[in-house]
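Right, I'll just put the structure down here and ask away after.
Going in written order, the chains are labelled A, B, C, D, E and F, and every chain counts its residues from 1.
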Amino acid sequence: MFYHIKELAYQAKPERPDPVFAKKIQELIGGQFGEMSVMNQYLFQAWGTRKHDKYRDLLLDTGTEEIGHIELLATMVARLLDDAPVTELETAAASNPAMAAIIGGMNPQHAIVSGLGAMPKDSMGVPWNAGYVAASGNLLADMRANLNAESQGRLQAVRLYEQTDDRGIKDMLSFLIARDTMHQNQWLAAIYELEQQEGVVVPSTFPKHLEKTDVSYLFLNHSMGDESSKGRWASGPSMDGMGTFQYVKDVPPFGPAPKLKPAPPAEHDTPPNVK
Amino acid sequence: MFYHIKELAYQAKPERPDPVFAKKIQELIGGQFGEMSVMNQYLFQAWGTRKHDKYRDLLLDTGTEEIGHIELLATMVARLLDDAPVTELETAAASNPAMAAIIGGMNPQHAIVSGLGAMPKDSMGVPWNAGYVAASGNLLADMRANLNAESQGRLQAVRLYEQTDDRGIKDMLSFLIARDTMHQNQWLAAIYELEQQEGVVVPSTFPKHLEKTDVSYLFLNHSMGDESSKGRWASGPSMDGMGTFQYVKDVPPFGPAPKLKPAPPAEHDTPPNVK
Amino acid sequence: MFYHIKELAYQAKPERPDPVFAKKIQELIGGQFGEMSVMNQYLFQAWGTRKHDKYRDLLLDTGTEEIGHIELLATMVARLLDDAPVTELETAAASNPAMAAIIGGMNPQHAIVSGLGAMPKDSMGVPWNAGYVAASGNLLADMRANLNAESQGRLQAVRLYEQTDDRGIKDMLSFLIARDTMHQNQWLAAIYELEQQEGVVVPSTFPKHLEKTDVSYLFLNHSMGDESSKGRWASGPSMDGMGTFQYVKDVPPFGPAPKLKPAPPAEHDTPPNVK
Amino acid sequence: MFYHIKELAYQAKPERPDPVFAKKIQELIGGQFGEMSVMNQYLFQAWGTRKHDKYRDLLLDTGTEEIGHIELLATMVARLLDDAPVTELETAAASNPAMAAIIGGMNPQHAIVSGLGAMPKDSMGVPWNAGYVAASGNLLADMRANLNAESQGRLQAVRLYEQTDDRGIKDMLSFLIARDTMHQNQWLAAIYELEQQEGVVVPSTFPKHLEKTDVSYLFLNHSMGDESSKGRWASGPSMDGMGTFQYVKDVPPFGPAPKLKPAPPAEHDTPPNVK
Amino acid sequence: MFYHIKELAYQAKPERPDPVFAKKIQELIGGQFGEMSVMNQYLFQAWGTRKHDKYRDLLLDTGTEEIGHIELLATMVARLLDDAPVTELETAAASNPAMAAIIGGMNPQHAIVSGLGAMPKDSMGVPWNAGYVAASGNLLADMRANLNAESQGRLQAVRLYEQTDDRGIKDMLSFLIARDTMHQNQWLAAIYELEQQEGVVVPSTFPKHLEKTDVSYLFLNHSMGDESSKGRWASGPSMDGMGTFQYVKDVPPFGPAPKLKPAPPAEHDTPPNVK
Amino acid sequence: MFYHIKELAYQAKPERPDPVFAKKIQELIGGQFGEMSVMNQYLFQAWGTRKHDKYRDLLLDTGTEEIGHIELLATMVARLLDDAPVTELETAAASNPAMAAIIGGMNPQHAIVSGLGAMPKDSMGVPWNAGYVAASGNLLADMRANLNAESQGRLQAVRLYEQTDDRGIKDMLSFLIARDTMHQNQWLAAIYELEQQEGVVVPSTFPKHLEKTDVSYLFLNHSMGDESSKGRWASGPSMDGMGTFQYVKDVPPFGPAPKLKPAPPAEHDTPPNVK
């Protein structure tokens, strides 16, 4: 169960309105690796954790924090949209090409649909969807999803930081970037704890002899050229300590060419007598 | 540029048709972490790699391998659909409740839309979409996306392995599971190489002093109870070696409650005089 | 900013596992009018409310309550999935047709993807998306969206109540149904307050003389037959008190047939000389 | 069954081409609350109405009217796209920054995909989808969906009216705005008739004693601060006349903290012995 | 502008309810090649036709017919859902395995969301979306899209015909199949007229010398084996009469391996010094 | 199984960076008729071809070629994004309106999400999805889908050719346009072969007497005016040679007005006694 306080997780005050940057900030709200994604990912992982209270609580804490980050960014977007222009581009262009570029570059839905508020969409106007969320019931798999999400998310926040000189936006981003530093660190810590106990291959519980172990440590060079042979993955002990990497320069097929049976007549596929 | 040979990466022969399992296998083709996702993820990452030939080649090799895995699974689906029933459920039910359950449980699109072939969709019939693909131009971020994808993917293949006793399906899955073992190992190796050079926080190139470092190593306990204090993330040196984890039991807001300006009249939001 | 407590908003204990009902319950989590929709709708409306603290707080309160309802339902789904069958349908069918029907009727992703946890998807496996959310900056418009959402939502909960005899599920649904009673009542109350001040047509701030008032109160009978003439909308004073309903039996076009200019050659549309 | 006449429901002639405004108008065609949504919503509601000929006809009439509104807007878009620029932005920019802003601000698909015609998409290029449509079989619920749709739709049309000074566009919008006035009025009238017979809570047919009535009229204050206590929803008789609103300042959980059983081994979730 | 009459384009009376077949019929309403697709495709094509009244009218006629086909199918779905079971599967299973299979096999949204009415979705519950619609402004291109849609659509209707023995369903399908026969014929006729005037390659207006004509008639054998050399496309005059087909057994690359510049530092891609 | 070589199918070197054109080129990668669509369409068709080796191989060849076209375009996009501006629009606008227009017109995700690489999305940022893919198991139906795809695809490439004066882009497009010439020719050839054997109506295997032949060759004039009577489809022998086209000026309904039964009480639709 959840509670809300009126204060923000951090301040969200731009120096001046900027509707084009408002459009860009949407990526951090409703993009593939925006706050809606991490909030839902952590909470759904938590709700599906069937023991392991320590990890469940870790996920609940961070998922709850992320709801507040959506709020923070939504507040920033609303302020960047203060007094957004509603003039026609062409009319504006005559007297003020810069204004024309702003009208052309802003998200029209901010002025038509949301009434100058944030939307649960990305910077290109695509609605957030739950296909971005990973929650598998396997903590090591999911902690890797989380580490990935925070890596992509911090990268995007840093790129946005570079794209503005508004000190208010930069200040807010510097907070989110720092929290992403922590979140990368904490998922790394959780991964470390889990790998110490389980090993590095997910899932750890599948009996080794049931997999086709002849190909478990082969690097298959499917492209001409062998630059890929120069990496750690091409020779030496495997990372899970259970095999030795081998580089296969010319990859053979391991199966025959398939021959399929014709479909039954009721499917009305192309009839077999057609040549 | 790509070439195709007729042989399969591995054999794909079930012992007998099974249209309900064909529906399940679709998850590995067109699901969030299916082969279409990893194929596109690795190839788009490769095509966006702007130096670093070793990693580019690594990605091209594995992305190309994955196209063949889609082919393998599509062949399996087609064979599991051989002679799928097209009788009406109710009619079938009268004489054969098992047949009725099969009709009810299979994907009707296999019989109506694809003509007993595989579809680029998941096990619930949702079309694959590119919102599943991560490709950021930052190799460490993306290698983590890849490790996550192979962890989730192997987990799903293992679960499907448990849900059948068809030796042909199990045989094919044991091959894919082994390749996922390799792929987890190889992305771990690549991550290891990158982290050795860059450190563990993505992106490594953002100057530390620009982030709000006071909150970079705080664990913020947003949920009542402190089970989360018992993990590696709550105390001790941070995983990046640049700070010390601290557990904040009672998390304060770092910003004030927001006050937004009213919208301009042209937006026709609720007028300010409404109470 | 948000906080979490470990207790649930209400209890969520089914009498026994039921994976087919778990699939159905997903509709209340990730369906068009599920809890993810109302949670996001109320919170995004609140974050975009640019004055009117009373309504902002109302929205924050209820939006925050709804996060807890997702948690409640996710917990129920997890329990309904306890020990879900992973046998193959055909094998099961031989000995136990009921089990076969369950395997055919459950959501395979619960066993393959989420590890027996809830997913942010609807009862047919379609991921939730933000296209379901209405938030316009106009409170009267949005309160109507909210009343609609709670009407549809309560209707769905009531239908699910009828589809089970599990007392634990019924108990939880009776709680959600009661909360939906309150939520319908509260949005009605808010609508009442707003309409008292603004009138019933949204937006209230558009000058009457700028609309084409000759057609503002005409009911246009576009279908043969006149059953529609028997309703309150066909005659008498209009609901906004500013006009009189009139029933137009034979609707004329108010515009001419369109003639479009040919496209410029650079578009390579069909060339004009083609007949 | 449907028939078409060549004349338009109203005239659709802009004063001059304007490809950026053509992009904006798309919101009224293929947006969440555009004409495609209301057309499909009213028609699917009608086709599912299982008695109640008066309402069925009402829905058919208005749904059929809306198909003509899509046509009207599509015609407007085609004319706004007459002679849209196909020059490269950078080349244009050198001599004509206003033209550059237009190229940057228009929807590139209008010139690449549709050949200067309207598309069934919103102003950000997102294809319309049927997740926007509400049709439940319960007329009161659905009339509320309709009132919401026309409220949001009129609001958007009014906002677009403010964003142009083209008299032709304004003229067409003034017609659509007037029709939306009627449609809000007519759905209000239908709601009035239904509420008089059924009461205000949807569905009206669920026995009161089956819901958890102790919480049916409680306002639960989930956020700190009590601005929300000042509304009509916080005290006095409830809108359905069957209870009394009560404001609960400190909301308790009504359920215990959940304890979930571990998953069965075949799921390969995190093994129970992991700490 | 459109009008509606109450009669159906054809009769839609099944012999008996059948909720599992209702789910299948949804494919013809809201599937990729269902009636919603063709209706929208033909109407949007018509609205974008900028001369060529004959084809515009042809498209308007058929698009209008298709709205009536949605109505026809929606009526059929409603009747197939009459008295659909709302019992719990497990309870049903005990006494009646056939009923259990029906509950497992029907679309739960028909009982939870639509109140036993048709939905604008496909047979797997995926909402229809406008990404299925082709409308390019080039008539020959679009007539080919239409011929394809009617080919796929008739194929699906025929397959459904095979999957039932209900004479009422078969009767309605035999009408739709016949109309699809006409529609294939009419698009073939339109294609014939256009190809006679323009030739067979779309668009016909692009100057031949601007394309890289050395590769305009080469069949490039990208897969090992040469079964593909046995078709009409591998030798002889090309279908457009402007070249000669040539079979290239060993396909060379026509471009060099790409070398990309590193990204600028502000992107925070992997730094160039990483190995 | 697939292999990759480092060389490109053709060269992909623009004369200069152009981030706005990079956004447009995305349409050819991830749009409805982009290379991802044809690649998947041809390969899934091939994998579902259950005999007919000649066509299977044809599809494999061309599908494999298309993967290389995605690579080609992705390389072009990466180069067009070299040194894309990351300045704030407003700051840029002060000194350089052309730069402002570029910032406003480019896809912000290229700078925030992909790190200046191509994305599997269209020119409006909508992720590619498999709803674009047609693969039915019936070769004639599918070859028509392919002919349509190549017609739409070539049209789009030609339009883009007109929108730039960069000789490098034009050169690459002239290659793709030529390949689309071939692909249209080859699908025409395949259609020709199939129609010679099967006739022109898909599927050819449905017994004529089972369709409602009275309406198989009627052109139904659903819109007022009879421009549509002037085409080949309105009179003369039908294209399949099995009937005679007839033009029906006044189209009657062939079915009665529907009367639906009320829903069972458990659905909680509007109660029957409501008027």
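In this section, a residue touches a chain if its C-beta (ideal position, glycine included) is under 8 Å from a C-beta of that chain, and two chains touch if they have at least 3 such contacts.
Because the structure is predicted, anything quoted here is derived from the model rather than measured.
Peer 1: Once the contact rule is applied, which chains count as partners of both chain B and chain F?
Peer 2: Joint contacts, listed by label: A, C, D, E.
Peer 1: Given that chain C and chain E are copies and touch, would you call their interface same or different according to whether over half of its residue numbers are shared?
Peer 2: Different, since most residue numbers here occur in only one copy.
Peer 1: Between copies chain D and chain F, what's the superposition rotation on C-alpha atoms, in steps of 5 degrees?
Peer 2: Roughly 120 degrees of rotation.
Peer 1: Compare the CA centroid of chain D with every other chain's and tell me the farthest one.
Peer 2: The most distant chain relative to chain D turns out to be B.
Peer 1: Centre to centre, by mean C-alpha position, how many angstrom separate chain C and chain D?
Peer 2: So the centre of chain C lies 10 Å away from the centre of chain D.
Peer 1: How many angstrom lie between the centres of chain D and chain E, each centre taken as the mean Cα position?
Peer 2: Measuring from centre to centre gives 27 Å for this pair.
Peer 1: Provide the list of chain C residues touching at least two other chains, using ranges where the numbers run on.
Peer 2: Touching at least two other chains: 1-9, 32, 50, 54-55, 60-61, 64-65, 68, 75, 78, 86, 97, 100-101, 104-105, 111, 113, 115-116, 121, 124-127, 129, 131, 136-138, 140, 155, 158-159, 162-163, 193, 203, 206, 222-223, 225, 251, 253, 260-261, 263, 266-269.
Peer 1: Going by the contact rule at the top, pick out the chain E residues touching chain B in the complex.
Peer 2: 18, 20-21, 23-24, 27, 31-32, 97-98, 100-102, 104-106, 122-126, 155-156, 159-160, 162-166, 222-225, 251, 253, 260-263, 265, 267-275
Peer 1: Which residues, counting only chain A, touch chain D once they are in their complex?
Peer 2: It comes out as residues 1-6, 49-52, 54-55, 86-91, 93-94, 97, 100-101, 103-105, 107-109, 111-113, 115, 121, 124-127, 136-140, 193-194, 197-198, 203-206.
Peer 1: What part of chain B is in contact with chain A in the complex they form?
Peer 2: So the residues of chain B in touch with chain A come to 5-12, 32-33, 53-58, 60-62, 64-65, 68, 72, 75, 78-79, 82-83, 86, 111, 115-116, 126, 129, 131-132, 134, 136, 138, 140-141, 144-145, 147-148, 151-152, 154-155, 158, 161, 171, 174-175, 177-179, 181-182, 184-186, 188-190, 192-193, 200-203, 206, 210-223, 225-228, 230-233, 238-240, 243, 245, 251, 253-258, 260-261, 263-264, 266-269.
Peer 1: Contact residues on chain D for chain B in the complex?
Peer 2: 155, 158-159, 162-163, 266-268
Peer 1: In their complex, what parts of chain C are in touch with chain A?
Peer 2: Going by the criterion above, the answer is residues 1-9, 30, 36, 40, 43-44, 47-48, 50, 60-61, 63-65, 67-68, 70-71, 74-75, 78, 113-121, 127-131, 133, 135-138.
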